[in-house]
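Below you will find the structure I want to go over with you.
The chains carry the letters A, B, C, D, E and F, assigned in the order they are written, with residues numbered from 1 in each.
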Amino acid sequence: MGSHDPIWRSSRNPIIPRDATPTSNGVFNSAAVPFGTGFAGVFRCDDRHRRMRLHTGFSGDGVSWQVKPEPIFFEIPDPQIEKPEYGYDPRVCRLDGRYYVTWCTGFHGPAIGLAVTDDFARFEMIENALLPYNRNGVLFPRRIGGKAMMLSRPSDNGHTPFGDIFLSQSDDLVHWGKHRHVMAGIQPWESTKIGAGPVPIETTEGWLLLYHGVLTSCSGYVYHAGVALLDLEQPWKVRRRAAAYILSPHETYERMGDVPNVVFPCAAIADPATGRIAVYYGAADTVTCLGFTTVEALFGHMEAFPS
Amino acid sequence: MGSHDPIWRSSRNPIIPRDATPTSNGVFNSAAVPFGTGFAGVFRCDDRHRRMRLHTGFSGDGVSWQVKPEPIFFEIPDPQIEKPEYGYDPRVCRLDGRYYVTWCTGFHGPAIGLAVTDDFARFEMIENALLPYNRNGVLFPRRIGGKAMMLSRPSDNGHTPFGDIFLSQSDDLVHWGKHRHVMAGIQPWESTKIGAGPVPIETTEGWLLLYHGVLTSCSGYVYHAGVALLDLEQPWKVRRRAAAYILSPHETYERMGDVPNVVFPCAAIADPATGRIAVYYGAADTVTCLGFTTVEALFGHMEAFPS
Amino acid sequence: MGSHDPIWRSSRNPIIPRDATPTSNGVFNSAAVPFGTGFAGVFRCDDRHRRMRLHTGFSGDGVSWQVKPEPIFFEIPDPQIEKPEYGYDPRVCRLDGRYYVTWCTGFHGPAIGLAVTDDFARFEMIENALLPYNRNGVLFPRRIGGKAMMLSRPSDNGHTPFGDIFLSQSDDLVHWGKHRHVMAGIQPWESTKIGAGPVPIETTEGWLLLYHGVLTSCSGYVYHAGVALLDLEQPWKVRRRAAAYILSPHETYERMGDVPNVVFPCAAIADPATGRIAVYYGAADTVTCLGFTTVEALFGHMEAFPS
Amino acid sequence: MGSHDPIWRSSRNPIIPRDATPTSNGVFNSAAVPFGTGFAGVFRCDDRHRRMRLHTGFSGDGVSWQVKPEPIFFEIPDPQIEKPEYGYDPRVCRLDGRYYVTWCTGFHGPAIGLAVTDDFARFEMIENALLPYNRNGVLFPRRIGGKAMMLSRPSDNGHTPFGDIFLSQSDDLVHWGKHRHVMAGIQPWESTKIGAGPVPIETTEGWLLLYHGVLTSCSGYVYHAGVALLDLEQPWKVRRRAAAYILSPHETYERMGDVPNVVFPCAAIADPATGRIAVYYGAADTVTCLGFTTVEALFGHMEAFPS
Amino acid sequence: MGSHDPIWRSSRNPIIPRDATPTSNGVFNSAAVPFGTGFAGVFRCDDRHRRMRLHTGFSGDGVSWQVKPEPIFFEIPDPQIEKPEYGYDPRVCRLDGRYYVTWCTGFHGPAIGLAVTDDFARFEMIENALLPYNRNGVLFPRRIGGKAMMLSRPSDNGHTPFGDIFLSQSDDLVHWGKHRHVMAGIQPWESTKIGAGPVPIETTEGWLLLYHGVLTSCSGYVYHAGVALLDLEQPWKVRRRAAAYILSPHETYERMGDVPNVVFPCAAIADPATGRIAVYYGAADTVTCLGFTTVEALFGHMEAFPS
Amino acid sequence: MGSHDPIWRSSRNPIIPRDATPTSNGVFNSAAVPFGTGFAGVFRCDDRHRRMRLHTGFSGDGVSWQVKPEPIFFEIPDPQIEKPEYGYDPRVCRLDGRYYVTWCTGFHGPAIGLAVTDDFARFEMIENALLPYNRNGVLFPRRIGGKAMMLSRPSDNGHTPFGDIFLSQSDDLVHWGKHRHVMAGIQPWESTKIGAGPVPIETTEGWLLLYHGVLTSCSGYVYHAGVALLDLEQPWKVRRRAAAYILSPHETYERMGDVPNVVFPCAAIADPATGRIAVYYGAADTVTCLGFTTVEALFGHMEAFPS
């Protein structure tokens, strides 16, 4: 199953069940990074109020995870900054030697929240990076031309039926500008909207961007994953892009859940030496899964299905 | 699975299959009561025209049911009363020594039908209690301050995207008034609409109300069940309410069916001596299921998740 | 202009301007009755917050009106009755020797409010007659078979795109039941929805019901007025009905205003001796107008355009 | 399971998996006909761009199929005919000794494409038979009164929420006229829209038409199959019609897939000697399935559930 | 006013008032042709049921019109042809020596009706030319390559929010095929949809096509008129097209009426000797107006505003 | 007329007609500032393609204007900045000694464009200040705490049915952050959405903000104007706000036009010595108008109608 796709699934999927914490309704669309001798992550744990909350989690091997039962407490240094009404779909990016969390935050509508941690214990909120209505804010793991760079997907205030990926630039991670349009959906699988997934992976040929793309069927949205290659120095320029998706909902845990037919990658851990990549993705808005690929497989896919 | 919830599922679920009668497409959202030495019930049996019909059923143990192959014939005493165009989502309430059936009836739009039986063989239609567009009419099992009381959820004429629970009062079960607003959806799991479920269960501290709450995902509605406690004497006043749901679609028979991701409780049989409660609920608009809880567990849940 | 219609417009139209009170944005969809030696009325005065409010007004000749600058204060005898969130589209009916006001009231959605006055100075709120979502509640001016009778138009919570006229019955004006379907839109001019207008006018052949009917153009709703004859004893039975409207927006004050293309009759004063009828109607949701017709003209119209 | 329905499923279902070709995302809603000593077919193979494409396939026994990895190339004889933007939901009809393919073609909107082949290797496009927006074009297998006849379902340009079956007539398969309305949805299972399925099957009493019917739930469309009997000489006249569906989504492969709850018949191979009929249907817009019935069973069903 | 546009309005506008017949609510979107020593026409006369009806009318000078009070009676030679449910937006085309009327006809949805007359007294219905859902069927005034040609605008069943102009061809005016896409909306004023207006006017350089184009504002549709030049021999090919509209609602009678902001041309009478053109257009879906232009002015406009 | 409102209209309204330039369809929603010995402005001139374009204009007295026939050419210093696809609803703000233009610009959706000029002849585009989808970007006329400040109204990509006013801060006018929520619609007249109007006017008590508020009727949007007072140092804090609008569409030129019932202020010229304010506002998306008020009148209004 899925053998034609350049991502192969972990046989231990879903690696994190729906009820990994005492109060969770689902654990999905979550982000993991290497941390210390193991891994740490920020997890979307919708609780049984169906409130969207962010939790930390830790793992020795990246597969077995302990998710904290309590949501992250964000310290807010400036009283003018409002407390997030909710948080979902986090990404974690190591940048300038610290760990930055971006997420979809409740700020009179969905917006891009930004916080920083060094230890996954204490999180300090920086300003919301971008105005509502926006989702899927993703940082690059190093400055480019001295600038921090963030991808995002401007939206509306509901189940947005449109959306392209844009890039914004910043010196101080507080003020953002020099906005660039990166790409729009082209193929049917991404025709409703697209959004950046994991933190881009640097290769000698460019930034590998995994992203999600949505198709609207007569029964709702279907979420797939795709891949593109962004220019190393001007990462708003798309150098290559696969016309065919790299992952689509096939397994029961991807097809059946609180939202059927969703695969939603939020993190990728790459081993530069071997080119191996582990992709963390949410399935059916209910559980967290793991898939494997390689830089070579992704480039092969982009060549096989040029856009 | 589901071990964090205060309701545990029968291992014999679904207790009534889709095709329990020769013509049924599904049997769900149905109501059971103690009757004679066993149990009787009114069942929603959509047929293979997908017409919504009400049937009776009988059981010795409350788990194995014989559903009658023919729909209920409602005798209509007054020729000014129109014959129901359809009937669905019934509730049965023992009141003033008789069995009253309320259901969503086709009266130029969905409205609250009301009929009475003594033997589950002969049913006499009283007047439609409330004008369209309304659904989820539920009687209280005794008069309060001399008044019969009915909960309902005013609606529109389609898949209504809003809805609160109201209460209406009557002396004669024909004329209703002194309408009171009871409660609206607060938490995300109930943010689209809510509706009363089984006939309220009397406790010394108030009326236990199980109800359904709907969340709108990008693939449609998700139906959960929740619990609240209404004032004993002024039952339009909410005394307690759990912020977390008590039941959510997790099992395959709740997630996959004619309408995915639905649990919809319509009846509860309580044993006052022990506080044990059996909850009958429809799953995926396809089959009938059974869950178990206790008064104590529900109060514990309301305390653990105060609203 | 309009000479083919059985209603002819007052040359003094609009008889009440938009800014008849110091705070009003518009004065329209209002109800007048004979009172003392002149006339009294309840007026919809949207203020410059665009809040919908009810005011009283008085007139010697029924054409020149003094509208009170302050909204009506409704006394509420029972603390369980909630204060109306807003009020609009009033009707006034003399019944059992008193003046009853029905209106669309804000009760967690639009519902039918009911209050009583003897002097148009002190108004006492009775219970809301009907649950939301409902509009255009209109009483009959005498009991029929001992019952008070009310027409209404069940709705949804927005600019409802559907709606039929129903009838409900009551002994005590508090509890309502024996609901009957009266009529639905048939012709294109009333194809979106219909709603009762003035208090029905008794004739020897039946109750003359003026009502509004809505057509949906590609630029929104167009409101017309029509006429039907209801059975004297079973007024939910339609005895005659004109297929052609009796009034349609033609004049600039009906075509241009806060809502273009609206004529909306809310009151009719009939002189039984002569059969002359004065019709008060709102125009363009902005001003109040007056039209004239006769019982004979309306019967002639129903004969000329049988439905 | 499903034992009450007049169609029984192949135990080898799904007979064609999702990934039957190296690039396919799904293989479904496809048409098979006897060809040579075996069977040939035209298959809807959505690729992993989720583009909708038509492929040929061949089988010895009608159950095991080899689907060609490359889409059909349509030769276009007249340069004024535009190349199809896409193709889906094909039917194949043997008429006048040749094989005609009809399908939903991309012609500035969905329209009815028409092509002819003798060998399932070379396909020549005739003109698009009908203007957009139209779907489900189905030919009759012989001329009637000298005319070729085609059923179709006029639509809009999206997930059309309405639709009846019409019939059009032609002498030359290029120009079509004498359009007739055949039937609209009547029962709840077909209340949203209906569309012709396989090429009609001739019987002495009329043309057996299998068709699909759609119901709109709060989670999207549910596709069922039904049966009607059309007049032999005036096939736009419905002689009989079953009120109950003949097939509805019950199996996991019908309930779970890229579009849940879809059964969509596109071909039927009848053995006139025995009356046995094999029905090819797409399931969940993902896989191809096989069901069995008989002429007798279908007539029995129409008698048991008269419309 | 409007002096920059290549069409100038008659000072006698509106030339036909709303109530030109005893039963009409509006007279608009109508077609006139030279006939005998004067002019004849087919008029859209919505009556006061707001039913859409076609009437004949006659004029000596083309400006003063007598519209018949009774709708056209269409003789239907073949009992298989259904009687039109309604008729609107007619065009009249002299072709092969007879007068053909095309209109939007009620045939289980809006479709293109076709009838023929020689004397504007007796009209015989030919078959509906095209399936629903279609509007704005317009014939060419001579055969091209031996074929009759018709423009149309495929639609949906409501206030269609999309629509391009297509062309269909016929030998016998009954069967139509060889469908070609002509043009889609490009500029903002025509971005929602476009539709052919009057019968195309032949010039040595091509067919002059006046057409309407619709923009969707936050208060509904705005209808403008534009001009294009179609190839003489392959009239589905657009040779020139003005990017700017030629007429837009400016006058009160175009801005205020049953549908505000509509100009809708349905007929043009050209004098080949002088190049003068009289354009009949409906205004605000209420009245009929006249505008003047010349072939030279239209070509000048296409040059000044190339597309 | 309008005498209760704190804004009185110029008797010369509309001061700029629809066709002020040879190609304009309308001239409205435009911004004027004192410049040299007279006034300069940036005008929204939709042309007769209905394209949205920005033009300059000049006036000696602020009432008679010469609008340039050619749109503004924006010089773009950085080739990474995309050329605006369109421009509308401009504001002009004198800040740091230069004139800054903000407008709704076409950048893969509506976004906030920003350009600078010294002479209203040469305009240089700075970066788009904010990502799509955003409208109504308005600068403050001086730095506050060293920061440039901009109000904006995040939106969706259509006729957005929601919207609050936010504030963003910048050091360099390129990078923006420290986003703050300013206010949402509260009263019915502003219940759909609100957006900042003219550049705020500094008073000793705070910044006077005129803004527009939208109500959705059954025939579309109605645009009103309102007033609030923002904190001098923390201008995202609302110190006072009038519950009643200050201007509403009443005059024919406000009620009838390409979009009926729109008043839309974009500029205000205040005379600090006298407190007199001239307000430029677009009417009916067609013409430009002028109204007069005073600081005193606006404060009086906020006191009379506290929010």
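Everything that follows uses one rule, which is that a contact is a pair of C-beta atoms (placed from the backbone, for glycine too) under 8 Å apart; a residue touches a chain by one contact, two chains touch by 3 or more.
Small disclaimer: the values here were computed from a predicted structure and weren't measured.
Q: Quick check on the contact graph: shortest path length from subunit D to subunit F, in steps?
A: So the least number of steps between the two chains is 2.
Q: Are the two sides of the subunit D and subunit E contact the same residues or different ones, given that same means over half of the numbers occur on both copies?
A: Both copies, subunit D as well as subunit E, present the same residues to each other, with over half of the numbers appearing on both sides.
Q: Work out which of C-F, B-C or D-E repeats the contact pattern of E-F, with more than half of the residue-numbered contact pairs in common.
A: Matching more than half of the contact pairs of E-F: C-F.
Q: Between 0 and 180 degrees and rounded to the nearest 5, what angle rotates subunit A's CA atoms onto those of subunit B?
A: So the angle, rounded to a multiple of 5, is 120 degrees.
Q: List the centre-to-centre spacing of subunit A and subunit D in whole Å, with centres computed as mean CA coordinates.
A: Averaging C-alpha atoms per chain gives centres 41 Å apart.
Q: Please report how many Å separate the Cα centroid of subunit B from that of subunit F, as a whole number.
A: Roughly 54 Å, centre to centre.
Q: Quick check: what residues of subunit E touch more than one other chain, meaning two or more?
A: 219-220, 256, 260-261
Q: Name the touching chain pairs, would you?
A: Result for touching pairs of chains: A-B, A-D, A-F, B-C, B-D, C-E, C-F, D-E, E-F.
Q: Which of the residues in subunit E come into contact with subunit D in the complex?
A: 80, 82, 107-109, 111, 127-134, 152, 154, 156-157, 160, 162, 164, 166, 168-172, 174-181, 184, 234, 236
Q: Could you please specify the touching residues of subunit A with respect to subunit B in the complex?
A: Result: residues 18-19, 22-23, 25, 47-52, 159, 219-221, 256-261, 285 of subunit A touch subunit B.
Q: Would you tell me which residues of subunit C are touching subunit E in their complex?
A: Per the stated touch rule, the residues are 1-5, 187-189, 215-220, 222, 224, 243-245, 248-250, 252, 255-256, 260-261, 305.
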